[in-house]
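A quick write-up on the structure given underneath.
Every chain is named by a letter (A, B, C and D) in the order it is written, and numbering of its residues begins at 1.
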Amino acid sequence: MNTEVSVLYFAKSAELTGLKAENITVPSNITSLQLWQDLENRHPRLSVLRDQVVLAVRQEYVPLGAQLLTLRQGDEVAIIPPLSGG
Amino acid sequence: MNTEVSVLYFAKSAELTGLKAENITVPSNITSLQLWQDLENRHPRLSVLRDQVVLAVRQEYVPLGAQLLTLRQGDEVAIIPPLSGG
Amino acid sequence: MAADEGQDVITLTTDKLSADAVSESVTCPSCGAISLFIGTTRDNFEGKKVIQLEYEAYIPMAESELRKICSDIRTKWPSVRHISIQHRLGVVPITEASVIIGISSPHRNDSLEAVRYCIDTLKATVPIWKKEIYESGEPCWKENKE
Amino acid sequence: MAADEGQDVITLTTDKLSADAVSESVTCPSCGAISLFIGTTRDNFEGKKVIQLEYEAYIPMAESELRKICSDIRTKWPSVRHISIQHRLGVVPITEASVIIGISSPHRNDSLEAVRYCIDTLKATVPIWKKEIYESGEPCWKENKE
């Protein structure tokens, strides 16, 4: 089953994609690494971030890996490059 | 040999003696404890401070004890009750 | 707010930050100590002259992560009274504050330790990003190392 | 003063202290961190209501001991840039600051550690005394415990 989620791009990832946000349709059950690979397919320039990035799903951090996400319609998925606040 | 020094009283010691400062004549070579005992003789109410007080001679701390002071004419000797700055 | 209740103030703003405002916002009559940390923007990075900085945040999540930090502080240092965390966003001129943290407590040890924990954790967990723009060369998104 | 030279600012004053003034006095373009400690007067001591506080200092020796602290800080944390220590004397109303310490450094660890050392050492070595005046009962000269 597929679902539509809202992807938010910040900092370097927004520069690489040229986007602040977009809606995409992906399988509801997908690992965080598969989701990232889907985003890389859409925006190949994102690949430079692969070893540094984490996701935030519904505003909670999720590292790239085998963790299975359960995405719901309208969920917010954010691309989180290395932090530099403070 | 005797010398005249200027004694400064602070905080509780000023309250006990009723003085902010006085000039006294004492032996030039005297231990810090003997100097304190001389002050206690002049101002018996100071005795309540005996276990807590230190002196400052020419603005350097000197604990009460056997340390021999070399006092010079006009030296400043301060009575330093427990500190409470900050 | 009850007078006795600890207050968490979290502010993300494009306005200039003020140490006095943060200090006043955490003042309380039963507290003897206020510890403040002010992060300021630096004019150089590895010899390159920085002419401007810009901060960007994932605002709702940044606020949520900052609230988690406040909650952790109250668990670790229960005597902490008020916590104020202000982070500036958008363009921040050189030498101006990008972040001010103020924490009050009855005795100094707690607020000193808590402010240290707060800035360390903020840098590690709060989704905020800084971009440095140099006199010459490409702008650069920074990365907190520690 | 050369722009690159660290500055020690020591002030004993009966005027109200300001966190912004201290923060500004230690700001420098190459520093990323300013740590401040503000000691404020509390409204109670062991259940007794404090209505007023008075500070007294052996001023020339207090200044000399504060200069020693600045010098020690520069030995222990050589990257520290500016140090400002302001202590208020005379009557200090409840909740107002009795002492403000501000220290700047390129990276936060140094100013955070140095400000902690500075307030701990100030309380232990600088000849300043505080008298609390209570709503009822005898006034009391205080004693720093730590």
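We adopt the following convention: a residue touches a chain if its C-beta (ideal position, glycine included) is under 8 Å from a C-beta of that chain, and two chains touch if they have at least 3 such contacts.
Because the structure is a prediction, the values reported are computed rather than measured.
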Length of the line joining the C-alpha centres of chain A and chain B, rounded to whole Å: 73
Rounded Å distance, chain C centre to chain D centre (Cα mean): 22
Chain A-chain D separation of Cα centroids, rounded to whole Å: 48
Chain D, residues touching no fewer than two other chains: 39, 119
Category of the chain touch graph - line, ring, star, complete, other: line
Chain-to-chain touches, reported pairwise for every pair that qualifies: A-C, B-D, C-D
Contact footprint of chain D on chain C as seen in their complex: 18-20, 22-23, 27-44, 94-95, 97, 104, 106, 108, 112, 115-116, 119
Chain A residues within the chain C interface of the complex: 8, 10-12, 15, 52, 56, 59, 78, 80-86
Contact footprint of chain B on chain D as seen in their complex: 39, 55-58, 60-62, 64, 87, 98-99, 119, 122-131, 141-144
